[in-house]
Each structure stands twice: as structure tokens, then as C-alpha cells.
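Labels run A, B, C and D following the written order; every chain starts at residue 1.
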Amino acid sequence: MSHNTFGHLFRVTTWGESHGAALGCVVDGCPPGIPLSEADIQPWLDRRRPGQGKFVTQRQEPDAVRILSGVFGDARTPGQVTTGTPISLMIENLDQRSRDYSEIAQAFRPGHADYAYFAKYGVRDYRGGGRQSARETAARVAAGAIARKVIPHVEIRAAVVQIGPHAVDPARMDWAETLNNPFWCPDAAMVAVWEEHLEKVRKAGSSTGAIVAVEALGVPAGWGAPLYGKLDAELAAGFMSINAAKGVEFGAGFAAAAFSGEENADEMRATRGKDGLDGPEFLANHAGGVMGGISTGQPVTARVAFKPTSSILTPRRTLNEAGEEIELRTKGRHDPCVGIRAVPVVEAMMACGLADAFLRHRAQTGGGAFRPGEPGRR
Amino acid sequence: MSHNTFGHLFRVTTWGESHGAALGCVVDGCPPGIPLSEADIQPWLDRRRPGQGKFVTQRQEPDAVRILSGVFGDARTPGQVTTGTPISLMIENLDQRSRDYSEIAQAFRPGHADYAYFAKYGVRDYRGGGRQSARETAARVAAGAIARKVIPHVEIRAAVVQIGPHAVDPARMDWAETLNNPFWCPDAAMVAVWEEHLEKVRKAGSSTGAIVAVEALGVPAGWGAPLYGKLDAELAAGFMSINAAKGVEFGAGFAAAAFSGEENADEMRATRGKDGLDGPEFLANHAGGVMGGISTGQPVTARVAFKPTSSILTPRRTLNEAGEEIELRTKGRHDPCVGIRAVPVVEAMMACGLADAFLRHRAQTGGGAFRPGEPGRR
Amino acid sequence: MSHNTFGHLFRVTTWGESHGAALGCVVDGCPPGIPLSEADIQPWLDRRRPGQGKFVTQRQEPDAVRILSGVFGDARTPGQVTTGTPISLMIENLDQRSRDYSEIAQAFRPGHADYAYFAKYGVRDYRGGGRQSARETAARVAAGAIARKVIPHVEIRAAVVQIGPHAVDPARMDWAETLNNPFWCPDAAMVAVWEEHLEKVRKAGSSTGAIVAVEALGVPAGWGAPLYGKLDAELAAGFMSINAAKGVEFGAGFAAAAFSGEENADEMRATRGKDGLDGPEFLANHAGGVMGGISTGQPVTARVAFKPTSSILTPRRTLNEAGEEIELRTKGRHDPCVGIRAVPVVEAMMACGLADAFLRHRAQTGGGAFRPGEPGRR
Amino acid sequence: MSHNTFGHLFRVTTWGESHGAALGCVVDGCPPGIPLSEADIQPWLDRRRPGQGKFVTQRQEPDAVRILSGVFGDARTPGQVTTGTPISLMIENLDQRSRDYSEIAQAFRPGHADYAYFAKYGVRDYRGGGRQSARETAARVAAGAIARKVIPHVEIRAAVVQIGPHAVDPARMDWAETLNNPFWCPDAAMVAVWEEHLEKVRKAGSSTGAIVAVEALGVPAGWGAPLYGKLDAELAAGFMSINAAKGVEFGAGFAAAAFSGEENADEMRATRGKDGLDGPEFLANHAGGVMGGISTGQPVTARVAFKPTSSILTPRRTLNEAGEEIELRTKGRHDPCVGIRAVPVVEAMMACGLADAFLRHRAQTGGGAFRPGEPGRR
């Protein structure tokens, strides 16, 4: 219900503005007994940290996370473990460059949420984007690091698969490649193309959109639920809640509209597990690992579209709070392609959504999944 | 939280299976004093009713809705008005054709949720799709009819804009045209193409996907909220909760990934209202009427992708509950293109989501929106 | 959040008015595979059914419950089991005696919610109490019957322990005795006293208050949670949501205010279970089975105070909707002591609250409880 | 849903342990434009601060609150106002006296939540009570200070009305008197009695229970809702969520059980407001300002029972984690009567509950209340 909370049982409430003292989140509902220290969270924050290349904002923030509650350790508890009580995470804002905000203090930047915030609240913190700043995603990434520990057998990975008009060739998709370049690009041949495109965009003071692909491996069958609590519906809300997201699709997604029923059906064959029980082997995954809102045991796959960063140097026509027509250029330290930095955030939202689905599934059914050859509940 | 509830303040809980005695929903949180009788709901149900053409399932259901609670009228209350208490709606299932379900009772139809339900619950009502039946959407449409009355100044309309590979030409888009053909097609020139395509699909016992476009006119600025309760995030969850939905996008959506920042910025000019106050006139609506999760006063526009109906006559490889490999043809009364019947359902989810956003906005701010030229809250 | 829903994972949404076509509820989140038919619910409804004695309202309702969804059975499923989808329950209103409501249609009966409803909604269904009727509790009792099956090892029992000024002697408390008299009185010696008191009250057209005691045996340690989701806080809300409830206490309750710390401490000794593990044996249960919001393995004990029925024959001063001062006698078929009929309702709220707590506990921890002698999570 | 969140629209999520780095809360859903700085919150924290007398714990904490987000001020915004985004509040723990916890690290203190936490989580932070410490209530008081600003026309006041066996004489109740003594005692004649009683208790290393009365003046008619979202049910949950609370009652409460219907009916007469409209004047308030779950415009009155502090010096029998029987004395800095310090906490929970009810009422109805003589919605 809360406007700044996501999740139902694994429940994350985020807070903070770009230029306030700090930002953070409270993770409530985490299972007890999970080893957790700052060292488990920091690496994920480091991955999303800006200031790491010329194509992301130059704001320099250490993004050092502190765990303020919810963990405990003593002589009998080597390291620390979660206690089942709320985990409060805080990241201080240090590099709040003191610049002159007088130009945008009363102007509505086109493509930004400035006007919408004004219309709703009548007041807004315009410094550095305020609540709407991409800095808020640090809290999501921190929460995602905890979520990953709730579902340790699930592997989550994301990549940028399109920047501007330049899409990765699915045939050359190599997840390992994402770590070899600053764009999370899974296609070695595309790196130079993107670099050239982004350099051009950056020099022009412009920006560009992107598409991020994400997948979760190791999700067992049975997570999620009909009908409003569908796994894909919940994940879609999570992805769409990321700044600048404009669309989300699962499996074949929008391409499925052009499919025939024969193409779309993910056929199944038997596969014999180590325990002698039969599980289905799917011959395709157009469903993206979710059918009827419930996971099938296949990889959960999704794609999220991000619009170009709204801050650009070219003057655009707009209004100010007085209702006067003005032209505005948006200066500052900004990403030419916000989609690049979204990669760890998309992963984090996947992790949080799946951890929540796992807990909900365990609540209703006790956990586990029935497999073909088992008697079911009849 | 509940798996079968959507909305937070305008709150709809649906129930029912395809072949049970009835289906329905409870609408809780509706404002009091709204005139409401069955006659306000029935027309919307009639629009989604199957059996109206050869391209939708031939199941014949009157879908007559009964209001069981939450309204009251007496001599001083001409007609009936909502009382603010929960409104229970029920639609009886009448045409539950008694056929032989023995073939699918233990088989997992590919592309259906059969296996996922079995894995999760160990038991499922396989008759006519059970809970997963498209019949469930009747409850959504009924709830949507009430939601429309909560926000009477908002006009909601949807259309099919793509069937299989055949997309409508945006330049020929004419909303009025949707009422002149059985496909909710807004492009007169496309009707014959779709008819031919669907006839071919139907004769082949196949099916096809579709894309539905929806827009809401008259949504004032200020509805929605950062950051998990974003208007587009909530609506996305609503759309994705519809059977067979595989993707959702707002405004420019996935196309925004290829945009430059200049193309994407929705510039603003002043427009003078009747009361002399300035409001922004947007020169484009790539944002789809939502920025930072909050409505801007522009039309809220979205598109939803639907996969092909999973029930097809061509045998597909699959498993049964015993883990045996089988081939399965899915007989029965099915839509070759489930996307067509989704049109009133997409509208209903838009209506429910907006009614909820309206109530939440009114709660936090008292309602209304600040306009340029007004002093705001400072 | 919803005004007419209780529970978080075992989630009950009730609907219906006294004189509408029907009333009922939707139970969402019930685990799958639980045998359930109308025959499992009806006996509990029969227990609360009015018309069974001269000290309860003479309205004659069969209160026959129908399960409209959420269960399934076939040849392989003897009887029916829950499917994990929402269970819709409906009870038709049959004995809506057509009487003249003109006197109260515009008058605010003192002690009733008439004025509060008018002030809030501006409209109300005044027939038979409308939404505020005690008939609504039938839906709770039906839901409670399902909740009991979710936690079959928990035994729940309630009794009336005070009617008017006449309280049961704790030393003579005998739960079995509650079935031997029409007052759920656990003290055989008190039955005649209450009978005489109630007869006097009834003849005077008056009414009287009561206190109901309830306890749940077999609740394992570990259910509930700090700090707002405390088991006793959640149960308190459930009990207070019953019509006419004015107070609730757990364990020693208000008497604990007069205790010293020594009296209040529930000391523990070791008790050796069948499996050789030590569990605590408590030497007292002033805590009422809940400490820090979490169950201790002791019986969960509570008491709920009910005010006298507000409908009485003695004229009372009040206003009508026009703001005029009037005197009003409340005629009709009413209980002189609504607390008597509350017994099965209190039990039902205990059952629903505990089923919800069980599912939430299972979600976060996997279920189970650590016992002294076990290593815990360290 | 979340275990550590209270409220639905005015939503408070608390976090922190007694001996962690800090504690705090996130207040989400607060209306925008409300002037708010630390100076608005600190006085309320100072009221609950321990170390102010010999009858409360001697822990010395400045309890200085910091607002980390959700407010903004600039040249045009004198001071700061809420922005409508989440307000993060933090209070550092400074006086975490490093003492030896080895005695209780593995022992279950009788009357404490030690065993329940162990049983549920298998791990617990035993230092200073951990999450269960009364220090957590500082976060509630801070949130309550904001809630009061959301409903500025409501005046909330609480008092201790019983300590041990010594109850205040209702006839001598004088709210102003509560500020003249360290016990929040509203009866000047009782102060010396309590002082003597507490001195005896303190010297004996014992403790004593208490009852706190609270009332809210200025709550308009119409807040709250049937049936689970009843105002009194929600407030009851809030009060019961406070440490050591064992019971709650509204209006006449448990005493209502002994009432006749005539005594219980709160009769009404007309009262003419300044605007010429008639509002009801109630001749009694046995209902405690709430009927049918909805406020009536009368003062909302409740009483909360607190058990004696569980930490006492007299050895009590108990177990340790190994399952061994031991005797335990609880040393440390503790309140002999935790009920005294509960006064500002009870007020805070009343404030938070009412602010939430106000926002929910405004959502559904637009705010306001119908008065006799007005046409209502018919």
C-alpha cells in the first residue's frame, strides 16, 4: 500500500533524496539466521556506483552502506546473522556538489517529473532530482543484495541489449562478456559500436535510451500465484518502478503478438532427475519461465525499456512555476544513457521480487513443488 | 497482499472458476452515494461476452450480473446508490457444457498453466481452464464498470492495434472505428486483412497473438506517486495480471530505447484555461501521460501484448501427471485470438487502477492539482 | 488495508447486509489440498444461528452456506479439496421479515451506529441494521471453520464468563459445561442465575452486556512477530472488529496492572518431550500465551467485553436526520444479550487470526520452533 | 502486512535494537506542505525520555532525533515543509553501557520475550532487550509527533490512572495535574500514595503494573469504517503493539458488560453550531467516541493495561538455551513501572492511528461529515 514500499513479505521501504543527508531502506520480513554484513552488500553497490566511466554521471560517491539494525553476532555467532527483525540500511550522501539550482528551482525540466511533482505536492526538492534522483536506486541495490541471500540457489544476471538504435545480435549473446566492458554488453562485437554512439551522444550533450535484459536461473516451479499476485505482474511492477522505465516484457513479450499458437507453445519432454523423478524439460521458453502467473522451473526472463536521460544540453521549451514560457538547458553531472546504470538495479528488483515470491509460496504451500510422477494432493 | 485482490483503496477481490456455480468479485472501498444498479454494469459485460462472432469462443453465457450488497435505495433515494460498504457482484456459470475432460485431466497442455498449477498446488480444477479461464475476466469488467463511476470525468478506450503480424497504421488510427467491426480495430483498412488472417487461423485450428492499445483521457495531473506506487507501475501490474499478457509499455515504450533525449522530451507551452490560470500544454506525449510515476494531465497511454491462445488443434508434445511423454491436441470452445476479448478487460484494469490512484491521491493531498501560476505549498 | 478484509495471508473479505439478498465472504490464501465441503462449515454456523432460544433473536434463518469456488473433486479426489484459489462462501438471507422501517429510517437509534454511518456516508441501509447487523458474523464463523482446518492441531473454545453483573467463579470453570446450557456457561451453578437475570431483562425490554473468554490450545511457540504484527495485537484487532465489542485483554489483562513483577513472571521448568528434547513447562500463564508478540506454546487466552444490545423498548432521547429531537423505542427481533451469540464468533476470529499467524510464521522461518537444547541458528 | 509497520496510509515502519548504532522509523504517506523540523519532534521525545526520575530507568540518552529525508526548504519556503515523500527519522544510541550480558545471553528471563524469540528465530540480540527494548518506543513517539501535525485540530492527552492496586478516583480526575508530578497522575491526592508504593517496589527490586487512560478531543464524526477497519479495532492493535500492554478497552469497556441497555445508550440532543446546523450533543460517552467502528464526534477514549516490568531482582526459576533449569535475577537499569513511560507512547499510537483514519476517510469520502439537517447523499 505504502507508496515507497515494495514487496509483501520480503518488504523494502526506501527513503531519501539526492541531496539530503543520506538515503536508505528498511528491509522487513527477512528470514532469520542468514549471515549478513556490510561486506555482503557493498560489492553490489560498487557495481552500480557512478563515476566509473565517462558514459555515466561523474558524481563521486563511495556509497558505503551501513547496517544499522537487524543483525547480531557474538562469540557463538561467528560473523553476524540476520535476526528476523527489520534491517535498516543507510548510505550517506557525500558528494552533493553545491551548485546553483536557481535556474531549475522554479522551472519544469521537460521529460523530468518536475511538473508532475509540483502538480501533486505543490512543493519539491529540486536539488539533484530530489526523490526522483537515480541515487535512490542505491537503496534498491542494497536490498537486492539481501534478497539474493534469501534465495541463494537462484542466479540473476542482466545485460544491456540495446542502446539507441543498436541492438545486440541474440545469436552472439554471451553473458560472460558483460563483465569485459563498461556497458554490460553481452556481445563483444557491439561494444565498439556503442562506444562510438555514446561518445557522439555525450559530445552533443544529448542522451539515448536502452533496453536491459534480465534472467533468473534456478527458480523452481511453483512461485507466484493467480491472479493479481502473478509472478510476472509483481515483477513488472518492480521493474516499472525503476526511474525511466517505459516498458517491460516477459519471454517472447511483444513479439508473441505475431506468433501462431504452434510457435508459442513451449513443448515438454521428460527429464529424469538424480532422484529418479521425472521433471519436464521444456523445448522452448517463450513464456519466460512463467505461466498463469506461476514459475515453471525454466529461467525467468524479462526485458525492460529505458527512455533517454531527460537532462540534455539542447534548450527545450517549457514553463516555470509562474506559468511563464521559457527555454531550458539541463546542466549537471548526468548519464548520457541511464539504462547502463540500470543493470544492477534491474537485477536487484528481480532478486527482491523473487525473494518475496519464495516467502509467499512457502507460506501457502510449505514450499517445494510437485513433480510429474508424484501423487500430488489427491 | 492477497493473491486475488487488486487495488489498495478501490479494492477488488475476484473469485470463481470456469465450471463452478458462479464467479464474481467484491469491490471494497468504493465511495458512497454513487448511483449504481445492475444496468450500469451489464453493458460492459455484454461488450466482453463471448459467443458474439466466429472469432471468439462459442460458449454461450448471458453473464447476467447481480449486485448482492453495498447499494441501497428507498423512497428518498431514487434508484440505488452505493453505501460505502463492500459491493458483492455475482455472475452465474450456466453454459458449462458437460464434456469429457479425461484427456486433459492428467495432462499438461503446453502453453497453459496446467503444469505450473500442478507444481504449486498439487491439485487443479482442469475443467474449462479452472481459475485460469478467461471467464474470470468477467469479474474484472464488472468491477471496472464501478470504477468508471468513481472517476466519471475520465474517458477510457481501447483498441486492438495488431493481430499476428498485421499492425494498424498509426496514421489511420480512428477510435470511433472500433465499434464498427468485431475486432475493436481502429483502422477500417485493416479489418479485411485481419478477417482473412483469422479465418485462416481458425480453419487451421491454430491461434494468433495481438496487441491492445489503451488510453485514458481526462486524468488530471497529480495521480500516482513515487516510487513503488508509481501510477505506471501499478497499472503495469494490473495489465500483466490479465490472462495471456506478456508485455506492457507506456507512451513510447520500447521505442523510447532508440530515442535521443531531444526526441524524448515532451516540451511544454502555456495554455490558458477558462479560469485564467495557466496549465501546461504538452507538445508531445512520449511519456504516456506519466512522469516520475505521477500523471501529467496528458492522456495515459499504454499497450499490452497478448500471446496466442494456447489451445490449438495441432498435436504438441508434452507430459502427463504420471511423467509420461504424450502428444496432446486441445479441443473445446476457444478463441483463436484471445487478444480481441481482452479489449474490455484492459479498459477495466485501467479504470480500476485509476480509481484507486484517485482515492490515494485524495487521501494524501485532499485531491486537486497545483497549476503553474498558483503559489503551491510555499 | 481494505476496510472489510481481515488477515494478511489467510485473508477474509466479508460482504453483505442484513436485508440484502445474501451475505458471505471470500477466503483467499488458503493452503491447497485441504478436504473441504459445506458439511465442514455448516455445523459451526448452526452453533451461532439465532432462533435457538428465547434469549436470542427470533429471526429464523437456516444459514445454509454454499461454497461457490476454490474447491475441486473428481474420481481421484474423493470428496473435495481446496485448490489454493479463493474460496467464495455465500449465505442467503431468507427471513427478512417485511416490516415497517419508517420510524428508524430517519432516526438515529442511541447506542447504534446509525448516526456515525450517516455522518460518514450520508446514506445507510437501515433495514435490520444493514451492514452493522449481527448477521454479518455468519460470514466470520464460516471463514473460521476453514481456518480451523488450516491449523487442525489447535483446539479453540470459548465461553460466556459474565452476563450483566453476574460473573462465573473461576474455580468452578468447566469447559465441558458450556454445551449443557443455552448460554455457553462454563459454571453449572451460574446457569439459573443468568436465566433469571435474562428473563427479567427480556421482560423489561431491556438488554445486558457480557464477557466472553476464549482460549486456543496447541498453538506452538513462535507464531506472531514484533512489533506491530504482534500476535496479540492482531488478535485484539480481530476481536474488537466484532459488533458490540468494547474491550479485549490477554492473560491476566487489566488485572496485571495490580500485579507485582514477582506475581507476573511466568516461571519455567524443563519438561521432557517424547523425542527427548526439553521444552519449557510454564508454572503460570499470566502472559496469556504470548510474550513480545510471539506465542510461547502455552494456551493463548483472551477475554472480550460486549456492551448490551442497543435495541431496547424503553424510549430514549435522540435526533433524526432532520436534526429534530425525538424519543425512540427500538422494536424488532433482538437479542437481549448479544454477547451470548458472540461465542462462536470470538472462536472464529481466534481461528482466523491463528491461521494467518501460522502462514506468516511459515513464510519467514519455514515453520517449526526451536526448543531449548537445540542449537538454534548459531 | 509488514511485521514492523503500522498504519495504512499514514504508515510508520520502525527499526532498531537497544544496543545497535541507532533506531528510527520511516513515515510514509504524510501529506505535503506541513511545516516540520526536528524542533517539532524533539519535545515529544523529551517527554518520554528515561533518566528523568528515580522511578524510571537511569539510562541516559539524549534521544536527539534527525530528519534524514522528506522535508525541504529554500528561500521561498521559510523553515522546512514535508514534501510528501518518505520521512526518515533516526535516533542514535549513545548510552549503551557496556556490561556483561553473559548471564542472560543464554537464559530465558521469565516474563520477557526471550524464549519466544528463541523459539521463533533461533537467534536474538539479548543486549538490553534487543528489538524488544522499550527504546523502540522512541521511534513511535517521533512518528506520533508528525501524526499530530497531520491532524492539528485534534488534542490528545494521556494519564496514568492506576499503579499497582492504587487507582485514581475518577471524580478527582484533572488532566492539568498530569504535568505537576513525575507519574502523569491526574489526581493530586494520589501522587503521594504512588510515590510511597513505587519507592517500596523499587527498594524491593520489584516492579508494578499500571493503567494508562488516553483521550482524543476534536475528532470529527465519520473517521473509521466497518468492519475490520473499525477505528477502535485499529487503535486497539496499535495500543496492544506497545511493549507490556495486556489489555485495551474503549469507553465503558469491560464495565459495559455489567450495564443494562438503558445505561449504555448514549442519548442525543440537538446542539446548534455557529453555522446554524444541528449537530448531536451526546448526554454520555459510554461508547468512547466510536460506534460501529466510526467516530461520533465525541472524545475518543481508551484505557490500556500494562503488566509490571519483567526485570526484577528476586530470583525466578527458568531455563537456559541448553534446556537446563536455572534461577535468574535480572539486573540492569530498568523501570519499576514501565506504564509510566508508556504515557507518551500511548498518545503517539493514538495520534498515528487517528492520522491514518483521517487520510482513509478523506480518500473514500472526500473528508467532512454529514450533519443532521443536511440532505446527505440522497
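Following the convention adopted for this analysis, contacts are C-beta pairs under 8 Å (C-beta built on N, C-alpha and C of every residue); 3 or more make two chains touch, one makes a residue touch a chain.
Note that the coordinates shown come from a computational prediction; the quantities given were computed from them, not determined experimentally.
Asks: Enumerate, in label order, the chains that touch subunit A and subunit C alike.
Replies: B, D
Asks: So which chains are sitting against subunit B and subunit C at once?
Replies: Per touch definition, common to subunit B and subunit C: A, D.
Asks: Would you kindly tell me how far, in whole Å, the mean C-alpha position of subunit B lies from that of subunit A?
Replies: Here subunit A and subunit B have centroids separated by 26 Å.
Asks: Mind checking the centre-to-centre distance between subunit A and subunit D? Centres are C-alpha means, answer in whole Å.
Replies: Computed from C-alpha means, the inter-chain centre distance equals 38 Å.
Asks: Nearest whole angstrom, what separates the Cα centre of subunit B from the Cα centre of subunit D?
Replies: 44
Asks: Pull out every residue in subunit B that's touching 2 or more other chains.
Replies: Only 1-5, 8-9, 14, 29, 32-33, 77, 81, 84-85, 120-123, 131, 225-226, 360, 365, 377-378 qualify.
Asks: Name, in rising order, each residue of subunit A that touches subunit B in their complex.
Replies: 1-6, 8, 14, 108, 110-113, 115-123, 131-132, 136, 162-165, 201, 206-211, 220-230, 232-234, 236-238, 240-241, 243, 245-254, 256-270, 277-278, 280, 283, 286-288, 290-297, 305-312, 314, 316-325, 339, 360-361, 365, 369-374, 376-378
Asks: For the complex, give me every residue of subunit C touching subunit B.
Replies: Residues 1-5, 8-9, 11, 13-17, 20-24, 26, 28-29, 32-33, 66, 68-70, 72, 74, 77, 81, 83-88, 90, 105, 120-125, 130-131.
Asks: Tell me, which parts of subunit A touch subunit C in their complex?
Replies: 1, 9, 29-33, 76-77, 81, 84-85, 225-226, 359-360, 362-367, 377-378
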